[in-house]
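Each of the next two complexes has chain A plus one other chain: chain B in the first, chain C in the second.
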Partner chain A sequence: MKIQMLALGVLMLSAFSVDAQRYFTREGEVDFYSEAPLEKIEAHNNSATSVLDISSGKLEFAVLIKAFQFEKALMQEHFNENYMESDEFPKSVFKGNIDNPEAVKWDTDGTYPVNVSGKLTIHGVTNDVSTTGEITIENGQISAHSVFVVAVADYDIEIPAVVRENIAKEVEIRVDVDYQELKK
Partner chain B sequence: MFFHPSMTRFFRPLCLMCFILLVGTGLQAQEDDDLLSLLEEEPTIDYTTAAFKTNRVINLHSIENTSKGVLDFKISHRFGFLNGGFYELFGLDNASIRLGLDYGITDQLQIGWGRSSYEKTYDGYLKWKFLRQSSGARKMPFSAAFFASTAIQTLKWPNPDRENLFTSRMYYTMQLILGSKINDNFSLQISPTVVHRNLVATAAEANDVYALAFAGRVKITNRLAINAEYIYALPNQLAPDFRNSISIGVDLETGGHVFQLHFTNSTSMIEKGFIAETVGNWADGGVHFGFNVSRVFTVVKPKFD
Partner chain C sequence: MSGKKKILVLALVGLVVAAVAGYAIYNKPHQNMTKAKADHSLSSTELFAAFEADEQAANEKFLGKIVEVNGTIQEVKLEEGVQKLILEGDGMMFGVICNLDELTDSHRDDFQVGEAVSLKCECTGLLMDVVMKRCVETHS
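The block that comes next holds the complex of A and B.
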């Protein structure tokens, strides 16, 4: 009977320890860069939320569009008002997977290249995307880094003719997050 | 017999536990479909932006401020009255101009300076947006700003022989701007205003002029909006040929510029002028075509936290 109780205990523990395999952040950095003939556009957001499940490799991100900070205030206003229409589409979301989670030794320090794919929603338009990234483990701390490019036109964002020389058709997005364990 | 009879005593609860665990993990698997829902939403205050495209409606100050560290260079023109006819090329032969600079000390405190050709007047002002419209964690249905300006007219004294005081050249305006972006496409503001004039032409005119200014914007597309304003001066304060100021125009936005093109019966582009000295009559073509062009420069770059 004692053995059975012990087995039960172990079973229960292992069931609840699933929670410990999820990691999150509310301070993820998402920046974007674009270079057009007349203007370099750059914006920073350091309040991205993300949850990573290391057992399944599932990965999700959400960023508040209004939290992107620009060097030029007018650019920020136009970004929200004219291009992203952030009152209507306040968030951008990525839901996807690390396609090769077995490539990462979650308990060993190191930098592991990963492939990530999923659905990216910007400006209310969802597209399948895939990219590469890096997972870094340092003293048990998990951080993730990725750089990828999106085409503005894929997300129904119109660039009017008058500013065509100011706004690039492709935007580079850089993601940098440090995860914390999600305790529930 | 698979089990010793004594084992069934433990087997039944074990089955139950297994069932509970299965259900438990099943639930967890469902949660997996939306990892982000594991995080509680943090309430944030969402401040309303861009109720108007720029810090002016047409002549009036809008509820919008110039952002921190931004210098806004404004060139404003009012051509002559349309009823000048073909001889005056419908007013295009004459122009009244104001050159101005607006600067944002903070996102909510703005100062400005300008020089108008109309009566060779210098003006300086301060605009403090002390309440911001917001939704989310703090709900506030409107924004409010306090506006104060001083204008100094520098025409040569018409009668240099009498004792002329410098203070006679001075005018003051105080205004409370209450504005709301009612929805994405429609913004409205009301501004109770008082204009103080140290010296007026006749005893019939009041030194303190009380007025109520109304302004609105209808957004047609992301880059085009229609603005209108009407300023009602309370009766028995102004000269007999005075008219209330009525203006209508469009805002056109092209990247770093905002062009405002409009028709107005006011000649002056500063408060003491367009509120208290408007004489044009819309009914007989006493209307100016005019424009404001705004170009912004980022003087102090913001620090990102």
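The block that comes next holds the complex of A and C.
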């Protein structure tokens, strides 16, 4: 009986350690800010998904364009219809890596700066991007934070001359996610 | 009034009307979800199955549309900044995430896991789950 319990314990422990390598969320926060001379535009989305593999540093994000909520209905309409064409391109995806996963002590509380690089797809256009971020470990909970800038023109998004003073050429994107362990 | 003055007054009136109309369009309100008419009405499991079977076809049918969805609550998250119910989807891990309408902000806060609800939302697409936003409860 004792041996059986021990075997079960070992089995559970090994299963746990394999599963514990992957973390995910489906309520990641992604916000963006555009500050142009005439207008400040911001939009929020708290339904981003992300998967993080802490052994390899592999990292993925996905966000639905229509899930961004703006303060002004008109801005939201223009964003979806004219700029992001969200009927045709409903999601934005990032697939990449934490380049220095060894810099994070995943089992020790703290905030660790990381470098992230990969491919970002917006509006059907994929570009190589790299940025910095922070991984925070608190009581075993992993969360990630990053702020980076995206140039609208890099993603074939055209801003008509009439509203050029209203929409910034570079948009700031803020990402905040709290991960949960992925249990199978 | 001389002809010139008349033109000036008319031009001024026109300008004011244009400014008011422009301002109204610029500040046009978000759709009123309580009054919005649903384009589709179905169960959360049917909606999830439609996306799982053919995402592109489901996108064409549901994306940006007002969808009335009814189903069993699998998970309730009512915290600051996150106000959502997850309705049953594939019967396992994934479902239909219903973000409650932050603009109406009049939903009740006693939703229970296992409770059957009917919500009217705007459908935004599929990630791991089907994601809906601006959900308001309907009583049909």
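The rule is simple: the second predicted complex is superposed on the first by the 167 of 184 C-alpha atoms of A that agree within 3 Å, B and C clash if a C-alpha of one lies under 4 Å from a C-alpha of the other, contacts with A are read in each partner's own complex, and residues count from 1 in each chain.
Note that a contact is a pair of C-beta atoms (placed from the backbone, for glycine too) under 8 Å apart; a residue touches a chain by one contact, two chains touch by 3 or more.
Computed from a predicted model, the values in this text were never measured in an experiment.
*Asks:* Putting chain B and chain C on the same copy of chain A, do they fit or clash?
*Replies:* clash
*Asks:* Touching A:87, do we find chain B (first), chain C (second), both, or neither?
*Replies:* both
*Asks:* In the superposed arrangement, does A:60 touch chain B (first), chain C (second), both or neither?
*Replies:* first
*Asks:* Of the partners chain B and chain C, which touch A:73 in the superposed model: first, second, both, neither?
*Replies:* Both partners.
*Asks:* Please indicate which partner A:26 is in contact with in the superposed arrangement: first for chain B, second for chain C, both, or neither.
*Replies:* The answer is both, since A:26 touches chain B and chain C.
*Asks:* Let me test your reading of the model: by the given contact rule, A:46 touches which partner, first (chain B), second (chain C), both or neither?
*Replies:* Both partners, chain B and chain C.
*Asks:* In this superposed model, does chain C or chain B come into contact with more residues of chain A?
*Replies:* Touched residues of chain A are more numerous for B.
*Asks:* Touching A:163 in the superposition: chain B (first), chain C (second), both, neither?
*Replies:* first
*Asks:* Can you tell which stretch of chain B bumps into chain C once we superpose, 24-32, 42-50 or 78-86?
*Replies:* 42-50
*Asks:* Indicate the residue numbers of chain A shared between its chain B interface and its chain C interface, in ascending order.
*Replies:* Residues 24, 26, 46, 49, 62, 64, 66, 69, 72-74, 80, 87, 90 of chain A touch both chain B and chain C.
*Asks:* Which part of chain C faces chain A closely enough to touch in the complex?
*Replies:* 25-31, 59, 63-64, 77, 81-82, 84, 97, 99, 102, 122-129, 131, 133-134
*Asks:* With touch defined as at the start, can you tell me which chain B residues reach chain A in the complex?
*Replies:* 10, 14, 17-18, 21, 24-25, 28, 32, 34-36, 38-39, 42, 44, 46, 49-50, 67-70, 104, 184, 222-223, 253-256, 296, 298, 301-302, 304-305
*Asks:* Hey, which residues of chain A end up touching chain B in the complex?
*Replies:* 1, 4, 8, 11-12, 15, 18, 22, 24, 26, 44, 46, 49, 51-53, 56, 58-60, 62, 64, 66, 69, 71-74, 77-78, 80-82, 85, 87-88, 90, 93, 95, 160, 162-163, 166, 182, 184
*Asks:* Could you please specify the touching residues of chain A with respect to chain C in the complex?
*Replies:* Residue list for chain A touching chain C: 24, 26-27, 29, 46-49, 62-67, 69, 72-74, 76, 80, 86-87, 90-91.
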